[in-house]
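Given below, in the form of structure tokens, are the structures.
What follows is a pair of complexes built around subunit A, which joins subunit B in one and subunit C in the other.
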Partner chain A sequence: MVLTLKDIYAGYGGADILRGVSLTVEQGSLTCIVGPNGAGKSTVLRTISGVIRPRRGLVQFGGVTINGFSPRRILEMGILQVPQERSLFPQLTVQENVRLGGFILKDTRLVERRLGAVMERFPLVKERAKELAGSLSGGQQKLVEFARCFMLDPKLILLDEPSMGLDPQTFKQVFAMVREIHAEGVTVLMVEQNTKSGLEIATHGVVMEGGMVRLDGPSQDVLHHPRIGQLFLGGTLTMAK
Partner chain B sequence: MTRRQAYNAAALGAALLLAALFPVLVPNGAFETVAIFTLIYIAMASAWNILGGYTGYVSLGHAAFFGVGAYAFTILCKAWNVPAGWVTFLMLLAAGAVAGILAIPFGWIALRARRHTFVVITIAYLFIFQLLAYNLTNLTNGSAGIGAPIPPWMGSSFNIPFFYVALALAVAVIVLSALIRRSRFGLSLLAIRDDEDRALGLGIPTGRLKLTAFVIAAIFIAMAGALYAYYVTFIYPQYAMNPLDDLSMALMAFLGGVGTVAGPVIGALIVEPSQQYFTIAFQSGLNLITYGGLFLVVILFIPRGLWPTIRDALKARAERVRAQSAVEPPAEATRLSAKGGSS
Partner chain C sequence: MSLLLDGIISGILTGGVYALMASGLTLVFGVLEIINVAQGSLIVAGAFLSYALLTYLHINIFLGLILTMPFMFLVGYVVDRVFVRRLRVDRVMMSIMVTYGVALVIDGILTMIFSTSYVHLQTAALNQSFPLAGMRVPMIYVYVFLMSVVFLLALYALLYRTTFGQALRATAQNRNAARLIGIDVDQMSSITFGICAALAAAGGMGYGAISSFHPNSQFDLISRVLVIIVLGGMGNIGGALVASLLMLVIEDVVSTVWLPNWSTLIFFIVLAMTLALRPQGLFGSKEARQQ
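On to the complex of A and B.
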């Protein structure tokens, strides 16, 4: 188990969005959290990355309790989040954006080595290195955000709705990249609105509603659970079957 | 070294040589005075740009540190009986140090706010310091002003030491600004300018870095203030801590290209000689009206400033030419296709 959440209560301004969330993420898995709007999916990711401090419960990563750790310390532990909204600096070049991903590394030679490796791995970063990040399309920006994660040798990547606002072609590219990252052994915890696509590429699925986990298990079991369509998805999955 | 880098290095070397030879090429006291003030403003605007341009925190209060530098220089020279001469220029470092130490708590407070609130707080700083200069009469002699050491140079040689020290200060700030721009620290400042919360999310200690930029700007602006005090030999609160200096620094950076290394230099080279000309030629408030008009023109028509606008226009033109030459078929091929078409 790389990540465990036990009975988490957390939210904004005193109101709890998460009400007793417990879930586990296995080492090397691709876990996808699905559920309707307001279910608390993104709040789970923000709690793990230290942006929100849980009021109650435990967050453990690799056996270490990380409740109350600063976002920087959590970053140093290898937990990286790619947020839902665009997170690149539009007035900086693609290369500068990726370089900033390794800001917390003290060893400048290591930063250069990692930058070189990222450029080899992500041709887009190499081709558009000197261009302003703001000039890239939404999908390209998302790919650069993924690339930036690899400046820090991630142990767990948190992806918050990676398909949001993307056209079908870019959507495929982004999901292919998620698959590729996972295939390399990186543990991924993803929140996704597109339930079917998310669960299809995942190894594990978690269904949330009203700040609680309603269902979890192997993603195929979750995807084909008889009640899931009626419960959260207006019957779309049932119809797809 | 690439061809472009070699070209840039040659251009910079030529500009520096030209600047160093200025008193020889133009041996005129009035022009030398304008050149000294222009160099002082180059140093000030470039230092201001490290905070205002790189982090996006527009300070309209750093002229307070110009005054702090001027007063610290004058008071310390008196207190330590520093003789007038070349050695007196070393006191610029002491003035910078005093301003740097003062800037830490003031910067820490101001930088807890963002955007407009930050601007308002810095404006308040300027007037707080000015009031202190008026009222701490034991230290500053209040509105009667205070005298700095009288430089020993006379006649046509008077300006020369000030010119070369001002040139050295301006070059030092430009080099520092360029080094910061290319460093990890500079990249982080630019990230803060783009989006401070995103920068925090990457583990960038934004508070510490912003404060460092604030203090660096204060130190070099104070050194410029100290040089000013030594040059004019007598300082008053209203001139040492002048709101117009804040506007000038911001205007120079925005006109030339805020957030670039060259921008504040270009801005100062345009604004300061023009301002001196208007002051001498019209002896009225026309220079102030010009300031206001220029600000409007810059913000409305060239919001990124002259340097980035011209640089990008030249780059776009070069790309257009390259694209056209790539599309145009060779002359022989055109003739062949024309033959084919007619047959």
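On to the complex of A and C.
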């Protein structure tokens, strides 16, 4: 199932933030979007997950046009988003949080079965099942957010800066998890602040700036592009016309 | 000593119905992140509905809730659907304006139909009383208190014992995350507003059974109920419950032991003192809300 964005214009009610974004996420790829703060990376993910609706353009998944779908219908298509900000419910337990990942499922037996499987797979969820999600560290919460995705049957996971604010130890753990999810055959579209680490584990790279895609291709090509060095230095990447 | 006890008993008995009136408001704040200043007029509307059923159709005020609560649920649902849901930016400020508008409309309709004289829900139970700690407690106070307890328990069961309730609490804790797991946040909000209005119908009936009211009673009610939910910690239902009992006991003790005129003022004095010491209210936690 290929995801394609065609000439997307989107924003938050004011001026457009995305100004003609087109990109393709191949099935089975681990695509990494990099770019400076405010480039519109998160906005791209929010457009795909249906939290915001594009003003113009098309989002297609496996040939189906999905822009305009409710977040729920997009979940039903197998597209899940782990947002940049925390997305657990701090006053619910870890187990309740994970179970709610299956909120859209009607079959309660299936929900319990999947919950059991997630607990087996993620020891953290099992160990801290009865604790309030808000009492976990930032990194642990991120891992529980990943675990929650497996209450559904994800085909495409959208990860927005999963490593943000993590210590080096947890950073490694989170990245290992991203690789593992990808190795299982789930397509991953990730936004990463850490350009180098992000592109190194990715198969494809996309560079965004000012609400547009400036560069994309196999991640090695993007990583070794002559102008990409400026990004590592925290600068911008204004491509020559 | 016995005056003090009287104040405490009557404070607890009336505190129950205030807790009921406040619970809906604090629930709406928690889930929708808006302040519904129409709550006072929804309560008065509920009281007048019970009054109309009682006066014209001779329907018992407690039985009448079977009609008034679903009706008020619909009113609340529609108010959210038509007015509140549209607010996307600056929701708190805008919601105050919009719901104040709703309050004025309800106020106008009630004034037109019922004029502005004070009425009271007269029941047979009103004339019965029993002795307790040296005073006579009217039975209606006990009935209204028990009704409030029943509805608060039902609300608790809905929130903490059902999947729907869990989804509602999840929405209150993190709206965006709720959306991302497929919860229809807009629908949840409308239902919450409906529940708030239905609780106002029951609360209004209880209020009208123990005190007289007219359309303008909404101003007094909304200020008291707002004090209660701020004191209890915005969005915290348990907090609203404790704050209701506390405030009504303090008010009734002040009015029986000291001077009735002081009793309303004491409401705001306690609020000011509490907020000076704990800006998040007695049971509010800043961190949880900001998450």
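Heads up, the rule we're going with is that the second predicted complex is superposed on the first by the 228 of 241 C-alpha atoms of A that agree within 3 Å, B and C clash if a C-alpha of one lies under 4 Å from a C-alpha of the other, contacts with A are read in each partner's own complex, and residues count from 1 in each chain.
Methods note: a residue touches a chain if its C-beta (ideal position, glycine included) is under 8 Å from a C-beta of that chain, and two chains touch if they have at least 3 such contacts.
The structure presented is a predicted model; accordingly, all values stated were derived computationally and were not measured.
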| query | Is this a clash or a fit when subunit B and subunit C both end up on subunit A? | reply | clash
| subunit B versus subunit C as contact partner of A:Leu75, first or second or both or neither | both
| request: Once the structures are superposed on A, label A:Pro83 by its partner contacts, choosing first (subunit B), second (subunit C), both or neither. | output: both
| query | After superposition on the shared chain, which partner residues are touched by A:Gln169: those of subunit B (first), subunit C (second), both, or neither? | reply | neither
| message | Going by the contact rule set out at the top, does A:Gly13 touch subunit B (first), subunit C (second), both, or neither? | response | second
| query | Looking at subunit A, which partner touches more of its residues: subunit C or subunit B? | reply | C
| said: According to the stated criteria, A:Asn37 is in contact with first (subunit B), second (subunit C), both, or neither; which is it? | reply: neither
| query | Which of these subunit B stretches, 183-191, 309-317 or 327-335, gets into subunit C when the structures are overlaid? | reply | 183-191
| task | Could you tell me which stretches of subunit A are touched by subunit B in one complex and by subunit C in the other? | result | 51, 71-72, 75-76, 81, 83, 87, 89-92, 96, 100-101, 103-104
| query | Quick one: in the complex, what on subunit B touches subunit A? | reply | 184, 187-188, 190-191, 193-195, 198-205
| Footprint of subunit B on subunit A - complex, ascending | 51, 71-72, 75-76, 81, 83, 87, 89-92, 96, 99-101, 103-104, 108
| message | For a test of understanding, state which residues of subunit A touch subunit C in their complex under the given definition. | response | 13, 49, 51, 70-72, 75-76, 80-81, 83, 85-92, 96, 100-101, 103-104, 134, 148
| query | Touching subunit A in the complex: which residues of subunit C? | reply | 88-89, 166-167, 169-170, 173-174, 176-184, 288, 291
